[in-house]
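One chain, chain A, appears in both complexes that follow, with chain B as partner in the first and chain C in the second.
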Partner chain A sequence: MTAYILRRLIQLPLILLVIYTVTFALISMHGGNPFVGDKTPAENKKLIAERYGVIIRSPEELKDQTFAQRWADNGRMYWGFLSRLVVHGDLGLSSQFEDMTVSEIIGHALPRSLLLGAFALCLSVLVGCTLGILAGVYSHGPIDYLVTVYALIGISLPLFVIGAVLLWMFAFAWPLFPVGGWGSPSQLVLPGVALSLPFTAYIGRLMRAGMLDVLSQDHIRTARAKGLPGSQVVLKHAFKQAFLPVMSFLGPATASILTGSFVVEQIFDVPGIGRAFVDSVTSKDYALILGTVLIYSTLLIVANLIVDLAYHWLDPRIHLEGQP
Partner chain B sequence: MSRAAALGIDRTSDSPARRAMRRFWRSKMVWLGMALLAIEVSASLVGFLYARHDKRYDRQDLAHVLERPSMSHLFGRDRLGRDLMVRTLYGGGLSLAVGLMAALISVTIGVTWGAVAGYFGGRIDGVMMRFVDVLYGLPYILLVILIKVAFETPLAEILGSRDQPATGTASVIVLFLAIGAVSWLTMARVVRGQVLSLKNNDYVAAAVAAGAGPWRIIRVHLLPNLLGPIIVYATLIIPQAILQESFLSFLGIGVQAPMASWGSLASDGVAAMNPVISRWWLVFFPCLMLAATLLSLNLIGDGLRDAFDPQLKRRK
Partner chain C sequence: MYKFLVITALLVVLALVGVLALTSAQPRADVVLLNGAPVKNLDPARMSWMHDIRTAYGLWEGLLTTDPRTLAVIPGVAERYEISPDGRTYTFHLRADVRWSNGDPVVSGDFRFAWLRVLDPVNASDYYTYMTLIDGAEEYYARMKDYQAGRWGTADERAKFASPPPQPDAATVAIRCPDDRTLEVTLARPVAYFPELVAFATFLPLHAGSMQPFLEHPSNAPPYYATDWLKPPNLVSNGPFMLERWEFRRRLLLRRNPHYWDREHVPSQRIELRATEDPSTQFCIYQTGGADLLTTLPGDVSKELLRLKAQGERPDLHVFPVHGTYYYRLNCKQPPLDNVLVRRALASCVDRERIVTQITAGGQRAQRSFVTPGLFTTDASGRRVEYRPQEGPAFDPEAARRLLAEAGYPGGKGFPPMSLLFNTSKEHELIAQYVCNVWRKELGIDVRLEGLVLTVAGQRMDEHKFEIARSGWFTDYSDPNGFLEMFRSGDGNNDGQFDVPEYDRLLADAAAETDPAKRFAMLEQAEKILVDGQVGVIPVYQYVGQLLYRENITGIWDNPKQQIMLKGVGRK
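Then we have the complex of A and B:
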C-alpha cells in the first residue's frame, strides 16, 4: 500500500515535467509574446526581457526568423523558465497582471476556485446520492421517473445554459442572490449550485443503477429476511456497494468541475483560477499559463490518487496495480 | 430485456446485430431522439446553406438592433441587427460539423490505438495503455485550449497567405482536430478490451496459420466484429464533442466572429443580459437548439448501448 502511494508520488514530478514541456512547446509554437509589438527603447526591452524571462524580437525580426532560430529562442526561454522553477521554486512574473508574481495570483485565485469546487462537489454527492437511493428503492414510482428525466436533462444541458437560467431566475427576475462577484456566502450559492447540477444528475443516475443492482442480490434478501428494518438494509448494507460506481466517477468529476469552473467563473464573475487561465491563454502570458497548468495537473493527479485509494478502502478486492 | 432474450432464442437464425437493432428500434426514447435529431439536422443543414450564401449570417441592420422575436424574424435580432434565426441555424451547421468531424477523428485514433495495443499485447500493450491512463488523469480541456491557440495562426497562414490568413476556416479546422485529439481515450480502452478477448478465437489462429499479417487480421477479421461497440461509443462521442465546442466558443476560444456557433451565440446572449432588460431570446433559442441536439444524441447513444451491450448498461 505504502509502496503504491510512494510510486505514484514519485511519478508525479515526471508527469508534471512532461506536461510543463508540452505546454511550453504549444504556447511558443507561434513565437512571439506580449512584448513583441512594444515601442519601448532597446534599453528597457532588455530589462523587460530579463524580468519576465522572455526573448523579445521585433515583428520584422520574427518574420525573417528561420524555423531553427525560432526554436532556438524557444529552447533558451524554456530552459530559463524551467531552471528558475526548479532551482528557486519561482513561477515567474505575470505579464498581464502587472507586478504580480504567478504565485501571488494563484495564491489569491486558487482558494476561491477550490472553495467553489468543493462546495459544488459536496452538494452534488449529497443531493445526487439521496435522489439516486430514493429512485432505486422506489423504482418505477414518481420519484424514479422524475430523477430519470432530471438526469437526462442535466446531462444534455451545457453548464453555461444552466448558469444563464439560474442567473436570470434568481438574480434578475427574482433577486434573491447577488448577480456575481465574490466575498460573501450568498455569492457562493448561485455559482455553486450551477456547477453542481450536471454532476448531481450524473451521480443520481449512477446511484440509482447501483442501488437497483445491489438490492436484487442475495445478501440483501438475507438481511431483509433477518428482519432488519428497510432503512438499515438500504443505508448500511446496500449503500456501500452501490456507492462504488459513484466513487469511480469522482475522479473524472473533479476534472470536469475544474473545467466547469471556467464557465461558471465567467458567468458569475468570480475571480478564480479558471478565469486566470483563460485570460492568460488569450493574452499569451507565459508564466501564468505554465503556472496554472501545473497547478491544475497537480490537483487532478492527487485527486485521482485519492479516489483510487478510497476505492480500495471501500472494496478491498480491487487491486491497485494497473487496470485489468 | 427478457422478451428480447426470448425472441433471440425463438429465432436462432438471426444475427446478434439484427437482434440488437430490433431491441434498439423498440425503445420509445430512441424514436423521440431520432425525430428530434432529424428536425435539428435538416433545419441546420438548410439554414447553413442558406446563411452561407452571400454571407447572410453576417447581414447587419443597425436600424433594427435587439428587436424582439416577431413574425418576420422568428428568433429576434442580435445587437448588430442580424437575424438570430439565420445565425442560430448557421451556428447549428457549424456545431454539428465540428461534432461529427471530431468524433470521426477520435474514432480513427481510438480504434487504431486500441486494436494495435490489444492485438500485439505484452510490452507494447503495457506502454500504450499506460499512456492512455496518464492522459486520462490530465486536465484535457487545458490541452484542447492550448492546441487550439497554438495551431490556429500557423494553419491560417498556410491555408490563406501570410498577409491574408484564412482565420475563420482555420479556427474551425483546428477546433475539431483539437477536440478529436483528446476524446479517443474511452474508445481505445473499449476496443483494446474487445480485441484482447477476440484474438484468442480459432478463426484468428486459422488466419495466422494461413499467413495473414497482423494488419490484415485486425482489419478483416477483428474490426468487423467490433462494429457494434465502435458505433455505440462513436454516437456517444458526438454530443461530447459538440458540448466541448460550445464550451470553448462560450469562453471565446472557439469559432471566431463573425462566424457563429451555438456556444458563441449563447455567450453573446449572456453578455447582453442585465437586470433592467433581459433579452431572453438571445440566450433562449441557441441554447434550446443545443440542448435538443444533445438530448437527442444522448437518447440515441444510450439506446444503442443498451441494445448492443445489455451488460454494459451501467458502465460509462
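Then we have the complex of A and C:
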C-alpha cells in the first residue's frame, strides 16, 4: 500500500513536467506578448519584461527573426520559469496583475474556489445520493420519474442558464441572496447550488443504477429473508455497494468541482482560480497560466489517487495496481 | 457508513460556512464603488489604467490636483507655485502641515525621489515621456538605459559599448530641492499644460523610507522594489485615504488617512472599491443595492436606461461626452493604403450617424475630427482660447467611388484583399461588419473582418502588420496635443506609420510656441492634414462617459475626463 502511494507520488513531478512542457509549447505557438497595448513601446519594456520571465523583441527585431531564433527565445523563457520554480519554489510575477506574484494570486483565489467547490461537492453528494436511493428503491414510480426529470435538467442545462435562472429567481424576483461577490456565507449559496446541480444529477443517476443492480442480488434477498427491515437492508447492505460507481465518479468530479467552474465564477462574480486561469490565457500571462495549470493538474492527480485508495477501502476485493 | 458520510459532509459544510462568516464580519463601507477590472498596477510610476489612476488619487496627492467639478488644476500638497517669466521654471511651495499616513512630514525630496523613479528605465513607466519634459531628463533616461544595458544586458547589448557606460548623475535632471518645503523644476522648453501634468498620477510623491526594505538587488537586473511595498500594511501614502485591505480580484478597502491635511473635507470614513469585470454583473449588483456607483454599463442595458431617462425616470443615470475618440487606424505604408486617394475613399464611405444611432446607441456623437470638441486653454490675459477640431471627409459614397476609380480601382476592380483588425468584442464586431458591408455595397471592395484577442491584436499593430485596425484613444491631459502627438513620425503609438514632414514640423513649431492662440492654430493646421489632407485616420465617434450612482451619493460630477476624485465622495 505505502509502496503504491509512494510510486504514484514519485510519478507526480514527471507528469507535471510533461504538462508544463506541453502547456508552454501551446502558449508559445500563438503570437503576442503580455505587454502589448501599453503606451510605452516594446523597446522600453525589455528590462521589466525579464522580471516577469518574458523576453520581448521590438518590431524591428521581430521582422528579421528566424524561426530558430524565435524558439531559442521561447526555450530561454521555458528554462527561466522552470528553473525559478524548481530552484526557488517561485512561480514568478503575473504580467496581467503586475503587482501580484502568482503565489499571491493562487493564495487569494484558490481557497475561494476550494471553499465553493467543497460546499458544492458536499451538497451534490448528499442530495444526489438521497435522490438516487429513493429513485432506486421506488423504481418506476412517480418519485423515480421526478428524479429522472430533475437529473435530465441538471445534466443537460448548461451552467450559464442554470446560473442565470437562479439569479433571476433568488436575487431579483425573490431577493433572498446577493447577486454575487465573495465574503459572506449568503454569497456562497447561489453559486454553490448552481455548481452542484449537474453533479447532483449525475450522482443521482449513478446511485439509482447502482441501487437497482444491487437490490436484485442474492445477498440482499438473504438479508430480507432473515427479516431485516427494509431501511436497514437498503442503507446498510445495498448502499455500500451501490456507492462504488459514485465513488469512482467522485475522483474527476472532485477535481473539476474544487477548482471551481469558470462559468459559475463568472456569473456570480466569485474571484476564484477558474477565472484567473481563463483570463491568464487571454492576456498571455505566462507565469499565471503555468501556475494555474500546475495547480489544476496536481489537484486532479491527487484527487484520483485518493479515489483509488478509497475504492480499495470500500471494496477490499479491488486490488491496487502492483499489489500482490 | 451512511451516517458517517452524512455527518462528515454536514460538518465540512458547517466548518466552511463558519470560516467564511468569521473572516467576513465587517461593517459595510460608507460608499461601495464598482471599480471595473481588478487593479492592474498600483505603482504610480507605472500605472496607466483609468481605474487604477482613480484609486491612486484616493491614496496619494500630488503637488497640484484636479477639481472634479471643473477639471481646473487646484493646489494639492503645494499651497502655491510660481512660474518664471520664460515659462520654464516652476517653483512649488509645499504646505507646512502635510503628512504621510505614518505621520512623517511630506517633503520636497519625496517628489524628487518619485519623479526620478519614473526616469529609471527598469520601471518601464508608461508615461515617462511626461517626465522627460524636464530639463536634462531625456538625456538622463537615455544614459540610464545605456548604463543598465551595459551592466545587466545580454551579451549582444553589452558588446555595443567599448567600455561599460558609467551610472548617470541624477543631479543633471533639473528637479531641485532648495529646502524641505520648496521644489524647483526647470523644463527643457515651456509646456503650456505642465501644471495639468503635475496633477497627473505619474507625478505623485512616494515615501522612500517605507519602500527601502523591499529594494532588491538581483545579479542579472538593475535594482528594483519588490511589489510588496504596495501591499497593506506596508504602503505609506499621503492622500485622503490609506490602503486598509487589498483582496485580490475582490476589492480594495480604503480608510480615511488621519494625517491628511484636508481631512475635514473627506466625508467618507471607508470606501470600498469592488473589482467586478463583467458589466452585466456590475449592473445586477448595483440594481440590487450591492453598490452605490457604477462606471461601466453593459451595451443593451444602457440603451434601455437611456430610453427610461428620456421619459424622466432613472435620475441616477448620467451620460456625458468625454475626451476620447473611437477610430480606425490606417496603415499608411501598406499598399493600397499608401495611396491617399484610397484612404480618402474609405474615409468618405463611413456612415457615422448610422453607427451611433443604430449600433452603439448609447448617446455617442458621430465625429469626423480626431480631436474631441471642448478643449481650451487660457492666454496670459486670462482670455479663454478654444481649440476648433478639424473635420475629415463627410459620408459621400458618390465621391468615394470617384476617388477609388481615380486611384485605379474603378468599381473596386483589382482591389487587393485586405482585412479590418479589431480586438474581439460584440460591439466592435458589429460596427466593423457594418462598415465593411457599406464598403462592399458602395465601393465594391471586399474587406475581411479579423477579430483577435487584445494582446495578439495589439502585437500585430505594434509590428505594423495590418491594413485597417480599430482603436480608441483617450487623451490624458486636456490639450489637443494629447491627441495629435501620437501621429508624429516615429512616435511609439504611431502604429499606422503616418509620416508627413509638414505634420511633424507643425507639431514641433506648436511645442515651441508660447502664445496659446498661435499654438492652437498650428495644431488645427496639423489636424487638418491628419484627418483631411492626408487622411491618416478615420475617426468614427466620440466616446461618452456613463455613470450610474444613487442620488444620495455626493461629490461626483460629470466631466469629460470621467474623473472621480474619491476625496469628496460621500453619502448624504
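The working rule: the second predicted complex is superposed on the first by the 302 of 324 C-alpha atoms of A that agree within 3 Å, B and C clash if a C-alpha of one lies under 4 Å from a C-alpha of the other, contacts with A are read in each partner's own complex, and residues count from 1 in each chain.
Going forward, contacts are C-beta pairs under 8 Å (C-beta built on N, C-alpha and C of every residue); 3 or more make two chains touch, one makes a residue touch a chain.
Because the structure is a prediction, the values reported are computed rather than measured.
Looking at the shared chain after the overlay, A:S83 reaches neither chain B nor chain C. Shared-chain residue A:P245: touches chain B; no touch with chain C.
In the superposed model, A:H30 lies in contact with both chain B and chain C. In the overlay built on the shared chain, the residue A:T282 is in contact with chain B and with chain C. Look at A:I267: by the touch rule set out above, it reaches both chain B and chain C. Once the two structures are overlaid, the count of chain A residues touched is higher for C than for its counterpart among chain B and chain C. Contact with chain C, but none with chain B, is seen for A:P178 once the two complexes are overlaid on the shared chain. By the document's definition of touching, of the two partners only chain B reaches A:S297; chain C does not. By the touch criterion defined above, A:R51 reaches chain C but does not reach chain B.
Once the two complexes are overlaid on the shared chain, A:E98 sits against chain C while remaining clear of chain B.
Chain A uses residues 30, 167, 171-172, 175, 179, 266-267, 282 to touch chain B in one structure and chain C in the other. Looking at the complex, you find that chain A touches chain C at residues 30-34, 36-45, 47-51, 59, 62-63, 93, 96-101, 104-105, 108-109, 115, 118-119, 122-123, 125-126, 129, 167, 171-172, 175, 178-185, 188, 235-236, 239-240, 266-269, 271, 275-276, 282-284. Chain B meets chain A in the complex at residues 129-130, 133-134, 137-143, 145-147, 149-151, 153-154, 239, 243, 246-247, 250-253, 263, 266-267, 269-270, 273-275, 278, 280, 283, 287, 290-291, 294-295, 298-299, 313-314, 316.
Chain C meets chain A in the complex at residues 1-2, 5-6, 9-10, 12-13, 16-17, 19-21, 23-24, 38-43, 46, 48, 121-128, 148, 152, 220-222, 224, 227, 230-231, 247-250, 274-276, 278, 281, 284-285, 287-288, 290, 453-456, 458-460, 462-464, 492-493.
On the side of chain A, the complex with chain B involves touching residues 15, 19, 22-23, 26-27, 29-30, 152-153, 155-161, 163-164, 167-168, 171-173, 175, 179, 206, 209-210, 213, 245, 249, 251, 255, 258-259, 262-263, 266-267, 277-278, 281-282, 289, 293, 296-297, 300-301, 304, 322-323.
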